[in-house]
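You will see two complexes here that share chain A, one where it goes with chain B and one where it goes with chain C.
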Partner chain A sequence: MLKSLHLFLSLCMLGLLACEKKQSEIENKEKSSQAQQSESTTFKVGLVFDKAGADDKSFNESASRGAKQAQEELGIELKTIEPPDDSAYELSNERFASRGYDLVISVGFIQEEAVQKVAARHPETKFAIIDTTVNLPNVASLMFEEHQGSFLVGMIAAMKSKTATVGFVGGMDIPLIRRFAIAYEAGAKHANPDVKVLTNYAGVTIEAFSDPTKGKELASSQIAQGADVIFAAAGSTGLGVFDAVAEKNIFGIGVDSNQNWIKPGNILTSMLKRVDVAVYETIKEAMNGNFEGGVKRFSLEDKGIDYAIDQYNKDLINQETIDQLEKTKKQIISGELKVPDYYVISKNS
Partner chain B sequence: MKSLIRSIIALFLALACTGVLVSCIGESPWQVYKILFTSAFGSLSAFNYTLYYATPLIFTGLAVALAFHVGLFNIGCEGQLYMGAFATAVIGTYIPAQSSFPLLWIALMILVAFLAGALWGIIPGLLKAYRGSHEVINTIMMNFISISLLTYFALYHFKDHSIQAIATPLIPETIRIAKLSSWFPFEHTSPANFAFFIALGTAYLLYIFLWKTRYGFEYRAVGKSLQVAHSTGINVKKVLIFSMALSGGLAGLVALSEVLGHLYRFKEGFSHGYGFLGIAVALLGRNHPLGIVLASILFGALHNSGIALEFDTAHISRDLVGVIQGLIILVTTSDGLFELPWMKKILKNMKLSILQKGKA
Partner chain C sequence: MDEKNSKKYEAFYSAEGKGIMLWLDLAFWVSLLSSTLRLSTPLTFAALGGFFSERSGVVNIALEGLMLIGAFAAAWGNLYFQSSVAGVLCGILAAMLVASLHAVACVKFKADQIVSGMAINIFAFGLAPMLSKALFGTRGSSPQILSEIHMQTWNIPLLEKIPFFGDVLSHHIPLVYLAIVFVFMTHLWSKKSALGLHHRAVGDHPEAADSLGIKVNRFRIVSVLCSGVLCGLAGAFLSIGHGSGFARNMTSGRGYIALTAMIFGKWKPIPTFFACLLFGFTDALQIRMQGTPLPGLGEIPPQFVQLLPYVVTMVVLAGFIGSSQAPKALGIPYIKE
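On to the complex of A and B.
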């Protein structure tokens, strides 16, 4: 027993010595990096993801892509953080602001209250929040006209469907996702008035955006009811939907990022919500001193919203469909065609 | 005293393990210790967040400890604190916005939080006393019921439509508990509030109750041996039922720091497992109110500094922060460590014989 104890202790000592050495190295490194920092005034950007995390292949990843592009092209200093739970949003935002970051970008409506509180505390720091509005002069609220894009992919779905039944799998049942659902249904009916639209939500909590198992379950049940094109507006829950459609060799529609590559041949298209563009533009504006608070809308017109055609799906969609889509797109942009907007409908009811 | 020293030694051991772990992934342990300490206690605002995270843990820790003393294992704190929070948030919206007796209203809300939690606690208590069904299973199941049910109510019946998240409307100023910053030199908007002192007061009251009153003696007697307590004429059923109610009530008081003190509303997902962390807090605090307060502050500090670790280091992700926290819980609560022969030998050599069994 005593022997092993001695062994243990001597190992500990060795470990400590090793650490000691590393410590001095790191301190040197730190000193040099600090020296660099004080010389150049790099523009510092902090990015707070929501609980789905940076690798959701969808919404958060899109934001991450935009920020990384800015890092490469504009030479900003970028730090990202994935809060472990709901109570950490405020602390994460606060930490960025109090460490003197120039711009803090918060991804997702779930951070609305956190940004509201922290931005009020730090009027000198610039904030940007995606998908919801915070009415403070130092906060830019980046909003997307999701209903326009959903309408278009609804049309694609209805035109592709052989069974005249299409499905919608939403993430959390909130106004934002209902906005997708209602416009998708309207788009499908616009292309084919007789189409049947099945709508399901994965849940009522934020976990509904990161539950692929539930996504697969819902998609399978919709397939059993005859759906052969399913639109997943559900964060990483959508990955389960794609699994289900690939197994039955029918079609899914992706969301936010271009998800066509995930199951090539089984993903009809993706409704693009260019969070990356919004993030990149916001960073650029803030860096050039043109930052403005208030609501900023991204729509079909400025390509903030679009549908994806690339090498993975160009054989799935024929030219006739594309012509019709482009025509409808122009009508929506010119205001000739009104797409139902849940935000407006729910306010009037 | 003995258990306090043991806990402290265990904490240092845990930190040593953490050091080995982080040096394996290429971070400097000293740097990590420094971040852990400064981000929890290093500045006024850091300390404020630590107190804020500690407050709900004191309540749930006390709740679990009370049940432990009666020999019950209350895993239902999460559901009970949801009940307390929802009840205060919903009833709170009916309180007049202006009142000349705000303290009276706050006292009423404390009562509401306690009763709502107690209601959820008494059900497993009744089932245990009259049907003999095990409280562990019942309390776990009651968690699911409570959280799902209340999320449903918050979404479809009491939702504040001005925000996207599932939350009830804000409660009026009257019943909001003041922030610590109104008395102490903290930053104006930092989250810690006077619920912390209410938690300290509750801990003291629980100490008095358990060790200085006849009821407390009965509770502990039932915890030591149900049969003996029964033979000496203690009404065991009554003790089982009321201890679960009290325990649930204590958990319900989490509403004070979260709903009345910080969020001012019930929000889906507001608790990041306070109820379950309460079990760890009670274990680490050896079921003693003072120990629980200290353990809560430690856990609050860990949670607070966890985010800082992700922030200030290159390689430590949020998952590793969880590993480190788990490691600390694991080592600090492993009591058997001190009974190992080599550990005894070290302690003996260091003349810390007070730590050995039977000598304290």
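On to the complex of A and C.
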């Protein structure tokens, strides 16, 4: 017994030694490649995702798409990290910054503190953070006017609903998601003042964005209360919402990326948050030497926020609805129509 | 009464009225109770898995990781073989395979059982997205399982005719019923059969069991494998039973809740089942209480409502753990003299 344990342990040690050797080889290689790169002038971009990971079919995926587009069209060198837990955000940002990356892009409000610390330590490196603001001269804060888009999909929902009851399923209960919720409700009421809006959140931790089981139950409960259009602003928790609406053959509304294809015929539209455009534009500006720190807002006006019409949903939304939406869109852009913004409301109260 | 006040009262009473109406509404209870059943099914499977492992004396906090691997493999199996039964089998097999690591580490090599369990959770957390990247080309979630190959719900012939109970108990997927059957089977097995007796002896008094000729370590390895099978079922429920695809980290801490339920159930199948039902119920209730006024209290802020499952866990653990009876040799590797 003890003998086999010894054997096992010594094998492990051998394995570790082998790994170590490989590691040092890799590092040497890295060093030499770094030396090569510093000679050439490839623009290096590091992308740090949040915990949902690059392939969340939603928010992170959109950022990933923008960066890949930049890689293809602008010839940048792109590296990505998916931090495994909350404590790794700072480390991941630090790794890119200390290895001489020109631009580090951090996806998600949850990285605010990490970027705040790392960007202060590396004033020569450019940073961009999505969905929150970091007040440093070398950080561009990319903010989206989500409430404008939510207002429009709220209108679509209310106009499509036969029961005059629509639902909202949010992920984690945070100001960002409340911003979606409040504007969605306002939009629905704008289209039909008598509509009833049911609002649920999946939870109070970051896991609330990755729990399709909970999403399906939340949606089922709303369906039992009469909802026949449900907007899911909940990361992959939304996949469960789409399951529930497809089973009952009613409608869901997607978020961030175009999700119309996930359940064709049962997804009314998606509220697009063009993180890809923001990421691409930021990389382009930084590459051309036009990078500016500070807050940058993306809205309906510059198509940073929009709603999706494609081959999967064009038969679900009639022309009359689209005309009305376009009219409202113009009113929002011109400032004629004010959409309630949770960020402003919560500050004032 | 002036106009302003009367409006206020009207609003108050209508909210109040709605609140009471809701609690008297039969459809509300049907939806609440059937949701309870669904939400407690994965907990029941995983907690039974915990029961098998821990009753034999091996601590198993790897339930979460085993479930996650089970969920992933089930989704892959369902998509690859175009059959939900094959999916469930794949989930069981994969979770059993990973559980065998825990069994070998804890029983054969006498490793610290908590450390091994934690290692498996971390391993599973990384392995699932990695395999997903290799097999589906995306780390986030698997392709959606279409309804043609998705597990179908069962309508229980006579039961579905009974007004209230039929609506609550019928129209679930087979895994929900399987979980309930397993609870009672496990109970009978543990209490009435010789093997069940051995199982408990191995966890309580391994020396005594050994002297009776029971192969303690072999028994423990098989018990940990059984917990893998059950966690595989729990995972399959999440990804291909209830949901229609694997999503990254989709277990969301259910493995730990199941472990809590098992401890609350004093390492016994039937009390554990009721603990799972309680957790499922608080979760289902929490979902329905968000934004609904309570009689006499009005609407409760959602943050408080969402705390409900956690508060119940705390209260339950603080209130009942004192009298709980863990297997006496739990966590102690058995070394034959």
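Following the convention adopted for this analysis, the second predicted complex is superposed on the first by the 311 of 349 C-alpha atoms of A that agree within 3 Å, B and C clash if a C-alpha of one lies under 4 Å from a C-alpha of the other, contacts with A are read in each partner's own complex, and residues count from 1 in each chain.
To be clear about the criterion, contacts are C-beta pairs under 8 Å (C-beta built on N, C-alpha and C of every residue); 3 or more make two chains touch, one makes a residue touch a chain.
Bear in mind the structure is a predicted one, so any value in this text is a computation, not a measurement.
Visitor: When the two structures are overlaid on chain A, which partner does A:Pro212 contact: first (chain B), second (chain C), both, or neither?
Guide: second
Visitor: On the A-aligned overlay, A:Ser106 touches which partner chain: chain B = first, chain C = second, or both, or neither?
Guide: Once the two structures are laid over each other on A, A:Ser106 reaches no partner at all.
Visitor: Looking at the overlay, what does A:Ser220 touch: chain B (first), chain C (second), both, or neither?
Guide: After superposition on chain A, A:Ser220 lies in contact with chain C alone.
Visitor: Given the touch rule stated above, what does A:Ile174 touch, chain B (first), chain C (second), both, or neither?
Guide: First partner only, chain B.
Visitor: Check the residue A:Pro84 against both partner chains and state whether it touches chain B (first), chain C (second), both, or neither.
Guide: Both chain B and chain C are touched by A:Pro84.
Visitor: After superposition on the shared chain, which partner residues are touched by A:Val204: those of chain B (first), chain C (second), both, or neither?
Guide: A:Val204 contacts both chain B and chain C.
Visitor: Regarding the shared-chain residue A:Asp243, is it in contact with chain B (first), chain C (second), both, or neither?
Guide: second
Visitor: For chain A, which residues lie in the overlap of the chain B contacts and the chain C contacts?
Guide: 4-5, 82, 84, 173, 204
Visitor: Going by the contact rule set out above, which residues of chain B touch chain A in the complex?
Guide: Chain B residues touching chain A: 16, 19-20, 23, 28-31, 45, 49, 53, 151-152, 155, 161, 163-166, 187-189, 191, 263, 267-270, 272-273, 304, 306-308, 310-311, 317-318, 321-322, 341-342, 345-346.
Visitor: Which chain C residues qualify as touching chain A in the complex?
Guide: By the definition above, chain C touches chain A via 27-28, 31, 35, 38-39, 42, 108-110, 125-126, 129, 132-133, 138-141, 144, 147, 238, 242-245, 247-250, 252-253, 283-284, 287-288, 290-291, 302-303, 306-307.
Visitor: Please output the residues of chain A touching chain B within their complex, sorted ascending.
Guide: That would be residues 1-2, 4-5, 12, 15, 18-19, 22-23, 26, 79, 81-88, 90-92, 95, 98, 109-110, 112-113, 117, 120-121, 131-132, 173-176, 204-206, 346 of chain A.
Visitor: Which of the residues in chain A come into contact with chain C in the complex?
Guide: 4-5, 8, 51-57, 60-61, 82, 84, 173, 198-201, 203-204, 207, 210-214, 216-218, 220-221, 224, 236, 239-240, 243, 246-247, 262-263
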